[in-house]
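Each remark here refers to the structure printed beneath this line.
Naming follows writing order (A, B, C and D), and every chain is counted from residue 1.
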C-alpha cells in the first residue's frame, strides 16, 4: 500500500558492498573500528560529524549520568519481563526501554526545547532573565509542566547536575544553556509556587546543546544510556532472579476495591 | 502472588540516598561522571569491574563494529514503527531491539558458548585442533547450526573480523579464543560441507572472551551497539521519513496465494 | 523510590484466593468461562459492565473490521522481527503492536474525541451541522489533522464504513455519532480543501460511542483487533517465512545519498 | 541484503483492491463484518477455516480463562510502563505482552507438544497410560520441566481446569487430550516426586487440540487473551495510576548487597 508520496527510500547513514561497510562516509573497518570510541561513534552516527574534545567529554558524562539509578520502574518492568521470559533478553531490554517515556526520561528533550525557546528569544527580550518569566508564564497558561525540575528523591539539586555542569566548564563547552537552566531554576518559585531544583533531565540538554548536539536527537541519549543499565540489571537477573520477588512485594498491600461474589474470601489473597 | 521461594529482592548494582548515587561501589557524581567513558562505565555496570586498557580497546571496537550495517531488517522494522507512531521514539527503538534475536545478533552469545566449550576441552583433548572436530561433530549430530560463520553479503571473511582481531592483537589481549575461532573456520568445510567464513558475530566473542568479558553478558553487547545505530536511523527518519516507502517497496512483488471471492479484482492490488 | 503521593496500589478488576478467581465481581470459573464470549468478556473487563445485544454486535463488528488488512507496515515489522528472532513470538507481536500509533491506528481515539467535542457543543450551537464547521475551523487553526478521514488505498469511502454503519443500524444502536461523522465528511471539502471520505478509524468510534463504549477505551479496540491479525501472520511466518524477503524487496531501490570513501564501490550494493 | 533464498514474499491471509478487502477468501465487508464474532474471526484468520460450534465454545472459553488473573508480573510491568510513558498505550501493551514468555504463559504451547507426543505414541505403546510414564521419564532424563502442572497460588487443581473441561464435554469436543492431561497428572507424583496438579496452561491445549486447533498456533491464544486483560488494566491505570505505587512497594524491602563508598548513608534509602 502506498502511504504518502515518497516511494523511494533513501539514507545517508550507511552503505556497503561485499568488501567494505561505509558509515557516514568512512570505511568502518579501516577508519573506525579500533580508531574511535563508542561514544564518538554514537555522535558520528547521529549527527554525521565526529565530536570535538568538549563534545566527547560532555556526551560521555551525560551517558554516564543517566544510565543507572537503581531499581526504578522501568528496570523493575524489565527484570519482571526477563523472569517471565528468560530466553528473550531482547524482549526484556525492549520492555525497559518502553518506560523511557514522557514522564520519566523524555524530559531531556522537552527541557531542551524549553531552553532553545528561551535562547531564541533572549536577545530580543533583553537577555535571558527577561525571557525566562515570559516563557514560564506561557507554559503555565497552557498548563504545561516545566520539564526537568524537581525530583522525587533528590529534593535539593540532583547531585548529577553539578557534576555535569563541572564537566561542561572544564571541557570548555559553551555555557549559555547552563545559564538558561539556572535562570529558570531561579524563576520557578515565583512562576510555579514551588522551589523545584534542576534535575538530571534538565542538566543533560543544558550541557549537550552547549557542544552542538542537535535538539532533535536529545531523546536518544537517555535511551542509549538506559540500555546499558538495563543490560547490567538483566545480567544480574539471570544470575539471581528477583523479578518475581519484586512483583510479590509490589502487591503485598494491594487493595481490591471491586465487588466479590457471595461466599468469596474464606481464605484471602489480593490476587 | 508468590512465584518461587525468593521474596526479598536484592541487587548489587546501585543504591542511593538523597545526596548520593552509588554505582558498583563508586559515587556516581564524584567518581564517575566526567572521569569514566561510557564504554568503561558499561563494563563496570555489567561486570562490577573497571576494564584494563586492552578490555577498553576491545569493547569499544566490538561496539563500533556491530552498531550499524545499513537498512537491515530490524532497522526497517524500527523505521516503519516510527513512521506509524512518531510520538513514541522509545517504541520504535524497542521494535528494532526485538529483532536482535537468535538468528541475527544472538550468534555472538552462542558462538561464545561454542568457543568456551572448545577451550574447556582443549587441554584434555590434546590441543585446540583436536577438540574442534569433535565438538563440531556433536553440533552436527544434534542438528545445531555452527553460530558465527557465513554471511549473506560478505562471502569471504566479513571485513570486520580482521579489524577486530587487529585491535585484540595491538592491545595485548589474550588471543586464545581467536585461535579457536580460526581453527573452527579451518574445520568447517569438512564438518559442514560448505566454506563458511568467520563473521562479526563470531569475532565479537573471540576478542571479548580474551579480555575477560563474561560469557553470560555477551548477548548484551550487540543490543547496546544496535541501540546506537537505531537512534541514528530514527533521527534520520524524523527528518526524512522512509518507513512507509520501505513498506511500499517490500510488497511490490507480493504474491497472494489464497482464494478470492467471485468478482474480486476488477482493479488489482496486492494488499 | 516514591514517585507521586499514592503509595498503596488499588484495583477493581480482579482478585483471587486459592479456590476462586474474581473478575469484575463475577466468579471466573462459575460465571464466566463457558458462559460469556471473548468479545463480551473484553467489554466486561474494560468497562465493568456486560454489554447489551447492540453493544456486542457493534464491538464484534469493529474488532472484525480492523483486525486485518494485509501486509501493512506494522505486520511487515512484526514478520521481520519473527524472522530474526523466531523463538520469541511475544517479541514479534509486541513489535507489531508498537506500530499501532498516532498515524496509523490511533485515529480511532482521536476521531472519537472529535465526535464527542461536537456532540457536547451541538445543542448549544443549534445542531450538529452548526457545530461541525466551528470545530473543524478550530482544528485547522491549531494545525491539527482531522482524524479518521482519507485513506491511501480506499479513495472513495473505505468499504468497512458502510458495513459498520449497517451493523449499528441493524442492532438498534444510537446513531447520533454516525450523524456527526457524516456531517464532518460533508464539511471537510470546504474546511480542508480536499474531498476526504470516512475511513474505518472514524467509523469505529462513530459506532462504539453509540453503544456506550467509553471514549477513553477506544484506543484499545484496534490494538486488541490487530493482535489477532498479527498472530495469524506470525503463524504463517513460522510455516513459510517471508520476513527477510520483505526486507530484501524493501531496499531494492534504496538510494544512498551520503558520502563514500575513495575506492569504494567496485562492486555495488545498497547496504 | 538478501538473507536466505526466498526473495518473493507471499501470503494467503489477505489481499485487497480499492473496493474490497479479502480475508481468507471472504469479502471482509460483505461476508464477515456483522456476520462473524471476533472469536470465530480469530479462528478463521489463524487456521483459514471457520470453527464449528464446539471449536467456538472451546476457543471462547480458553480466551476467557486466561485473559485476566489480577496484578501478575506482566500486568505490573505494563502499568509501570504506562505510568512512565502515558502517551503511548501501545508501548505499555507491548511491555505486558513481552512477559508472555516461556515461564509464564508459554506453557500452553509446550504442554500441547507434550500431549501430542503422547498421543502419537499411545496406540503403539498400548494406550495412553502406557505411553505417559515413558515420555515423562524422557523429560526427566533431559531435565525438562513438565509444562502445565503446578501453580503458585492454586495448590489443588487450578479452578479454571474443571471449567474448561466442562465446556469441552458440553460442546461435544473430542476429549482425548483431556484424558492424556489427566493421565499425566496421575503419573506426576511418581515421576517427579511432587503432587503437581493441572493448571490452566495445560488445560488450554487439552481442550483446544480436541477441537482441531493447530498445535503451532497455541502460543497465540494466551497472547491474544492477555492483550484484552492488559487493555483493561491500562484503562484503569489512566483513570487511577498505580504504576509508581507498585514500584515503590516493590522495593520497600530491597537489600543492597554491593559496596558503598566511605561516608555514604548518613541518610538511607534503598534506591
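One rule holds for everything that comes next: a residue touches a chain if its C-beta (ideal position, glycine included) is under 8 Å from a C-beta of that chain, and two chains touch if they have at least 3 such contacts.
Since this is a predicted model, take the numbers as computed values, not measurements.
In the Cα superposition of subunit B onto subunit C, the rotation angle, rounded to steps of 5, is 180 degrees.
Of the two chain pairs examined here, A-D and C-D, the one linked by more C-beta pairs in contact is C-D. For the pair subunit A and subunit D, the distance between C-alpha centroids works out to 34 Å.
Centre-to-centre separation of subunit A and subunit C, using mean CA positions: 28 Å. In terms of their C-alpha centroids, the spacing between subunit C and subunit D amounts to 23 Å. Counting partner chains per residue, subunit B shows two or more touched chains at residues 1-4, 8-20, 30, 69-73, 83, 85, 87-88, 90-91, 94-95, 98-101, 153, 244, 246-247, 249-251, 253-254, 269-271. Subunit C meets subunit A in the complex at residues 1-4, 8-20, 22, 24-27, 30-31, 48, 70, 72-73, 85, 87-88, 90-91, 94, 152-153, 250-251, 253-261, 264-271.
On the subunit A side of its complex with subunit D, the touching residues are 69-74, 76-78, 80-81, 83-88, 91-92, 94-95, 98-106, 153, 243-244, 246-247, 249-254, 269-271. Residues of subunit C touching subunit D in their complex: 1-4, 6-21, 23, 28-30, 32-34, 36-39, 41-42, 45-46, 57, 59-61, 63-65, 67-71, 83, 88-91, 93-95, 97-101, 153-156, 159-160, 162-164, 166-167, 170, 214, 216-217, 219-220, 223-225, 227-229, 231-236, 238-242, 244-249, 251, 269, 271.
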